[in-house]
Structures are given as structure tokens and as C-alpha cells.
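Heads up, the thing below is written out as C-alpha cells.
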């Protein structure tokens, strides 16, 4: 195995389906054009597009709710809207963003589209199940939207009992049913991915030739399968409690409200990694492609994905340090939470090392990836602050927490989503977007994000509790700053929606491999044909076979 | 790994038709088997969380739980356990017949399985009726709860309903799927195209059985001890 | 009595030793964070410039064994952060074990107010007066949903659970008035469920217990209840409902619709709150007030009546009782 990269390696590799103009079968987008062919599609690529359109809709709803929240907080005394309206706005923001955008965002769209391509398969193992999971998702969405339209929910996305079961007078039940149903959609998607990755790999595509994107989706799918059923049970009990007063979580009947928190966070902490891991997969594809260099420490990054997915099942108690949990449990959960930092650090340092001595192109996807690394590091380390017991006693349930998880969720997942969207847009649609607009939006989002959320770290340490419709006047300056940042962020989100849609009709036609990237998805035409590959793809000898190779490839691929 | 899934000896003319996106029948069978196992693990965790809550309730409120559990119809529960074990037996027979290519015997075994499943539901329904007449349905506003003086008893009884109704929903879905599949399986040529449906479905049926075998001791037996 | 906070703040006031230690901990942690992240940020920026496509940089392999690097950048940051786990855990354990001589103050949370009861029996609502230099143990419980009592000045918060007591202790060492919040989301008026904690010199505290605590406290508490139970929404002058006001009501003669005249004394006010449909007022509008029987505990009812007694004259709002 050659130790260093050679220049010829960079030469454009011929795609396996050359762009013949005559006699070429239409690609998956043009194979059929009836509505029926979309809504009854079993092609994983079309289902991915269905998901992409639906989650974009939810992103808009969630973002509008966030806009309402930031608007309300411009003044300290709640003069702009009633407390009730504010509470409903942040609940809708949380419910929609967590359950209907972040969790399905990367797996159900990019994962759906790319996993079969990356492993050289014609489709996912269960195409009809894949379509079913989209319909299940939309059914859950419908229930939640009904609750929003009827008047909203005011419990927060965490639905803590007994507030959600016995005290709230809002439309909790349809929202709960919607979220429960969406869980089944996640389970079906995860199941499909696990089976596909196990059984559908092309001949020669061994586990350690899989792209990290596939590894992280495998880890994510395991979390879908092992954690989601627990929250389904918790939500079923919560529904039964609200509808029939079952009493499991209601102290009036001897139930235990903290038990709900345990069941809830047993899922919802791993769910954080459902949102984070696929993003790490996206970054692990983008960074080598734009550094023209093999991913540093491939095996370590692959193991770290599985490691993260495992450790994350044992840290849920760090959400309950102040909630009457025993001190011993708090100490154990705190120490285990520090262990999560290890696999996360592996990834960040490996991405940085990949850039070292690369040959960098700072195109839009790479800008997003670099923004991701910076923001994810800050989000991750402030997570350690929160895992530190004495600090947690002060900043638990303050804006410090809000800032922390937005650095992970927006700075991490959303940036990875946008980076991936730009990276694979030519593959999805066969069109190129406007690169200058892409770069401007990426910078705008990075700037807007930091102006919005960095002040919230300070607000939190000053002691401003989260979910407050009104607040003491001395916090106004930082809140106004945060709201101002949110408007920059909103502008940054609007641009991609415009120029990406514009590119669908007016964009330059994309070649099979516009970035000269490695990976089987670039070996077929853009957009790919219905069965993905015209002739069976040739599996490369090593993953990330970029021109520049570090010495470590000797250790990694003996 | 794939070896273990395709090693079952199959009679001539029995097998699986390859769907377009699989490379081989072996791959397709492996995918189906792995898929159902993944689903069953998920389902098992769903019920485990519920049983865990039931056990926590028992630990927190032992006396109330025992008082409530004594109202459960132990003999109906026990009979139902036997009924479901028998149904697993007939389902296993159906799988074996399908491998041998004995289509008619297989269809009969499947019908017997569905009948035993239905018998379980009838007995369960009778048990619910008995509970209703004994005022053991605390979630009904118009029927005062028999054990109203111990609030925690209500907790356990409600959990019992959540767990058994969830199981009954699974069983009902199972019977509906089984009847639908039996209808298709009675047609000529079924075994040459979809034999593995029977195997995959058999795993699901055994799972429903397994959940009851866990539920019966956790709800009925453990709590009868004083 | 507004809290002693500057108009614009960048660091919270620390009013206990634990608060100072927590601040030191987070500052030290921040130093470590910077040590771990700034090199990454600088490296990314530097690499992006140095190794951009087409630059004449040296791209020959550095020849460093990667397994060693991987293991070192896994373990070194982890071990460094473990120092902070230990430090935080030690502070946490201290803050969980109250000294035996701590003075116990009861705190009861409910939608949407905090009720505090001092060891000597005085109680107050949303306000809390405490002595400095004396360990205080709050015994916390909730009457409905989960709340959390949060005192940023001492860097402490603990949940108020509906089914069992939780505890929080601290020893304030700084005189002043600081914020007191509910930090666990508890419904509509979550953000209003808070008030002020006033740390006083022990002598002033004794003085407060004897004078203000016993007398003013009741009226102030009644005013909070008057808002919390929603009375103010209809009875406050200028409300759209136009319910009868309380100015000069106590002790006055009230004309009833059936021609009788009654004196608005404690007993009559109590009956009227619990059963608004009885004793219809002469010339009054439509009776729309709901019954509060079973909804207001007896002690709160007494405080509301005390507040009505002290209600200021015509033209002034409830705020004037402050």
C-alpha cells in the first residue's frame, strides 16, 4: 500500500455509468412523473425526497415558533404576548424540532438516499416498509399538527408528569399520540438500515471498507431499535394516565413522577446521539473530500461511533441531578457522562488531523463542516460543565442548558444537515447550486448562530431560568442581542431555500462526481438511475482512497 | 451468519421468489430473518419497560399490589398460558409442514393457531367481564373501585390493564395477519414463492407467546405470595 | 425592595462560600476548555490557509505513529476533565449534607407561588427573609406539579416534588436582596412563580420575625394570593368584568338584592368567597363568580381576608398595600 499520495490518484475516475446521451434509462427523478409514482414510491431515493420535503416543512414550522419565542423575549415584562402564548410557542418549537425535524433529519433523508448507494445495493432491504415508515411519520405529524391547530400544547417537549397528565388544559393528548406514532417510524427506519447494512453490501464491501457515514447510521439505527421502544412505553403510560388516570406517574395515586423522567431520558438522552451521530457521518465524508486526503484514523472513528452509541445508554441520570435522585446515582451518572467526551474527542481531533497537510478547497460543504467542528466542540465541552455536579446545581434548567444543546443541535446537526445537503445536492437532483450564494449563507448562519446562542451561556450563568415568558430587566440586553442574532440566522436559512429551489430548474447540470470525491455514490450518474448502478460497482481497495494518504494507513490497513 | 438462515432442509418446489432488489434468494431470506429478529428485540424492550414499571410498583407498594393481584383470575391466566403454548406448537407444525411442502396440512395448522389465539382472546374477554362485575376497573368513573381504600392497588390494576391490553392488541393483530396469510397460503404456488413468510411470521407468533409467558408470572404469580 | 442587581450584569452576585467555589470551578474549567479548543480552532484556521488547494505547502507524511496519537488525544483530555468531575463531586457532596445546626425553613411550591414557613411559625409568600452566617436547610415539597426552588445567589436549586420532601442547604454570607425563581417548568405562570430572597444580619432577622414577619407579612401574602387565585382579574378597578371593588369594603354596610343589609365582616366575606351565589348584591350585575369552596385552603382564605381588610381607599390599586 503506497505510503504517500500520487498526483495521478487525483485524476478523475470514470463513473461506471458514463453519461451516454442515447439509450440511457431515465434517472430515478424522471422514471415516472405521476403523483401516484411519488406517493406509492418504493425507491429509497424517492422516499428520501418525500422525507426531505416533509421535514423541511416541519423545520419552517419549528423555526417560526422559535421566531415567536425570540420576539417575546425582546422585552422583559411579557408585553408582546401572554404567558400562555409564549409557553405554547416554545413547546411547539421543541416538539416539532426534536421529533419531526432533528431525529429524522439526516437518517431519513440522506441515510435513506445514500446507504444503499454507498454499500453498492439496489435498494434498502425492505422498500415497502420504508414507504410505510414515511406514512407512519406523516400520521404522527398529522396528530401533532391537529393539536397545534386546535390551540397548542403548553407542557414543553419533555411532557413531564404530572403537569402533562393532570394539570395542563391544552391539547396534550393528540400531541402525545403523534409523538408515540412517530417513534414507530423511527424504529422501522432503524430496522431497515440495520438489516440493509448487514445483508445488502456489495461483494467485497467489508465492514472496514464502509464509509463512516454508514458506520454512524448503523450506530444510530441501533439506538432507534433499542431506545425508542422504551419511550413508546413511557408515552403509552402517559397517554393512559391522561385519558384514564392510570396513576403510574401521579403521586395522588401513589405513582412516581420521577419515574417518567427516568423512562423519558432513557430514550431521550440516546436520542441526542440519534441527532448527533449521523451529522458526524456527514462531516466524516465532507472533510476528506475537500482536503483531498484520507480520513485520519478511520478505524478509531468507526469504533468511536459504536462507542458513543453504547455509552449514551448509561448517562440518562445526568438530567436529574437536582430532581431528588440519590447522591450516589448522581455521582455515577456524572462520571459516566465524562466518558462520553472520549469518543467525541476522537472524532474532532481526527477531523482536524485530516485537514493537516491536505489540499483544501473551501467550498460551501467544507465551510459548513468547519463551522460544525468549532460549534460541536463548544457544545460538547459545555456539556461537560453540565455534567459537573456542582456546576449543574447552579445552571440546571437555565439558559446555559439552552445554549449548550443548541450548540449541539443547531451548531452540530443542522450545520451537518446543510453541509450534507449542499455536498449531495448534485447527486440528489442532478443540478449544481450557486456556489457564491452557498458560501455567503454558510457564513451568515455561522455568524447568526453565535450571536443568537453565545449570549445565552452568559444569561444562564447569570441565573436566567429557561422557559420564562418574563424575566428580570437586567437580562434584557443579552436577550435583545440573542433575538437580533436570530434574525441573522433566519436570513441565513432563507437563502439556501431560495437558491437550492432555483437550481432545480436553472442550475447547471451536475456531472456524476462534481467534487471528485470517493465513495460508491459518486460512481453512478447524478441523479442515479432507479436501480442505482447500471453495472455492479467496483469496491475500492480502501475507504477514502484520496490522493493524499498519511503514513497511518499502514497501521490501519495491514 | 447467512449459513444458519438458509440451512433449513426444504422440499422440492418449496422456496422463495427473489425480489428485484436482492442479489440472491439467500440474501433475501437472511434479510427477512434478521429484520424480524430486530423487530422482536424492539417489541421485547417495549414490554420490558412496562414489566419493569410493574415490578417497581410492586416494590414500592407491596401490600396494595398483593391485594389487587388476588383479584386477578389466576386460573384463567393459567389456562390462557396453556392455550398460547399449544398455539405455538401448532405454529411450529405449520412451519415444519411448509418446509416439507405439505400445503394443506400447513393451512390447517395455521387455522388451528388462529383458533387458539381467538380462544385466548375470548377467555381474556371473559376475564375482563369478571373484573368489570367485581368493580375492578378503577378507570371507569361510574363504577366505584372495589379497593378504593388502597390507592396504590389502583396503580397495579391499571398497569395490569395496560400490559394485557397491549398484549391483546398484538395478539389480535397477529390473528388478523395470520388469517390473511392463510388465505394467500391456500392458493397454489404459494410455497414456491413465499415459504419464508411462514418462518418469519412463526417467529412473531412465538414472540407473542413469550410476552404472555413473561406477563403471567409478573402479574399473576409473583404477587400472590403474601 | 428591588433585588440588588446592577442594570446590566456579566457575572452573578455570589452570596455564599459555595457560590464562590462554584465560580472558581467554572472559571478553572473554562481555562481547560480554552486549552483544549483554542489549539483546534487555530489549527483548523491555520491548516485552511496553509494547505489550501494550490499552495506550495509540504504535504509529505509526517511519519508519526497514529495509534499513539489517537490514544493520547483520547486519554489526556479525559483525565484532565476527570479532575473537574472530582472537584464538582466534592462540592456537590458538601452541598448535599447539611450541618446539624442548620435552621429549617419549609418551602411549599404550587402553581404559581412559593410559600415559606419559618421555624418560629411566621410564613411568607414569594418573599423569603433569612439570616446570614447561619446554615439554612430548606425542606421543599410541592402541592401539585414538579417545581424547583432556585437561588442563583447561592448557586443552588432543588426540585420540589409532589410526593416527597427534598432538601437544600446553604449558608449565606452577604446581606442583600436577590432573585428567587421556580426553575422547573410548571405551566402558564411559570415565569411569574418567583420573588426575592433577602439575606439579613441575624439581629435584623430577629427584628423582622417579631415585627414585619408577623404583621405586614400577612397582608403581603394575601396580596399575592389575591393575584394567584385570579381575584384581581375581576375585582381590581378597571377590569373588564367590573366586579365589585374592595376599596372601603371591610366593615361597611352592604345592600343585598332581597332588601337586607349586612356588615362586610370576616365571616360574611368568607361565606361570599366560598359561596358567591348566596346573598345577591343589590344593583349588582350578573353573578358570574365561581365558587371557591374546596379550592382555597383555610389559612390562605384568612390571608385574603386580611388583605381585603387592608385594601386601600377608593381610586388606589392593590399595589398600594405594599
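So that you can tell them apart, the chains are marked A, B and C in the order they are listed, and the count of residues begins at 1 in each.
The working rule: contacts are C-beta pairs under 8 Å (C-beta built on N, C-alpha and C of every residue); 3 or more make two chains touch, one makes a residue touch a chain.
The shown structure was predicted, so the numbers you read here are calculated from the model rather than taken from an experiment.
The minimal number of chain-to-chain contact steps leading from chain B to chain C is 2. When the interfaces A-B and A-C are ranked by C-beta pairs in contact, the top one is A-C. The mean-CA centres of chain B and chain C are about 50 angstrom from one another, to the nearest whole unit. Chain C has its Cα centroid 35 Å from the Cα centroid of chain A. Those residues of chain C in touch with two or more other chains do not exist in this structure.
Residue positions 256 of chain A each touch two or more of the other chains.
Residues 121-123, 125-127, 129, 187, 190-192, 194-196, 198-200, 225-226, 228-230, 232-234, 236-237, 240, 244-248, 252-256, 259, 263, 531 of chain A are the ones that touch chain B when the two sit in their complex.
Residues 3-5, 78, 83-84, 87, 154-156, 160, 162-163, 166-168, 251, 256-258, 291-292, 296-297, 300, 321-324, 327, 330-331, 334-335, 338-339, 341-342, 345-346, 348-350, 352-353, 355-362, 370, 373-374, 377-378, 381-382, 384-385, 387-394, 396-398, 458, 461-463, 465-475, 477, 548-552, 555-556 of chain A are the ones that touch chain C when the two sit in their complex.
Residues 1-2, 20-22, 27, 30-31, 34-35, 38-39, 41-43, 45-47, 49-50, 53, 56-57, 60-61, 64, 139, 151-152, 154-155, 158-159, 161-162, 166 of chain B are the ones that touch chain A when the two sit in their complex. Chain C meets chain A in the complex at residues 3, 5-12, 18-19, 21-22, 25-26, 29, 33, 36-37, 40-41, 43-44, 47-48, 51-54, 57-67, 69-70, 73-75, 77-78, 81-82, 84-85, 87-93, 95-96, 111, 144-146, 148, 150, 152-153, 155-159, 161-164, 166, 179, 181-192.
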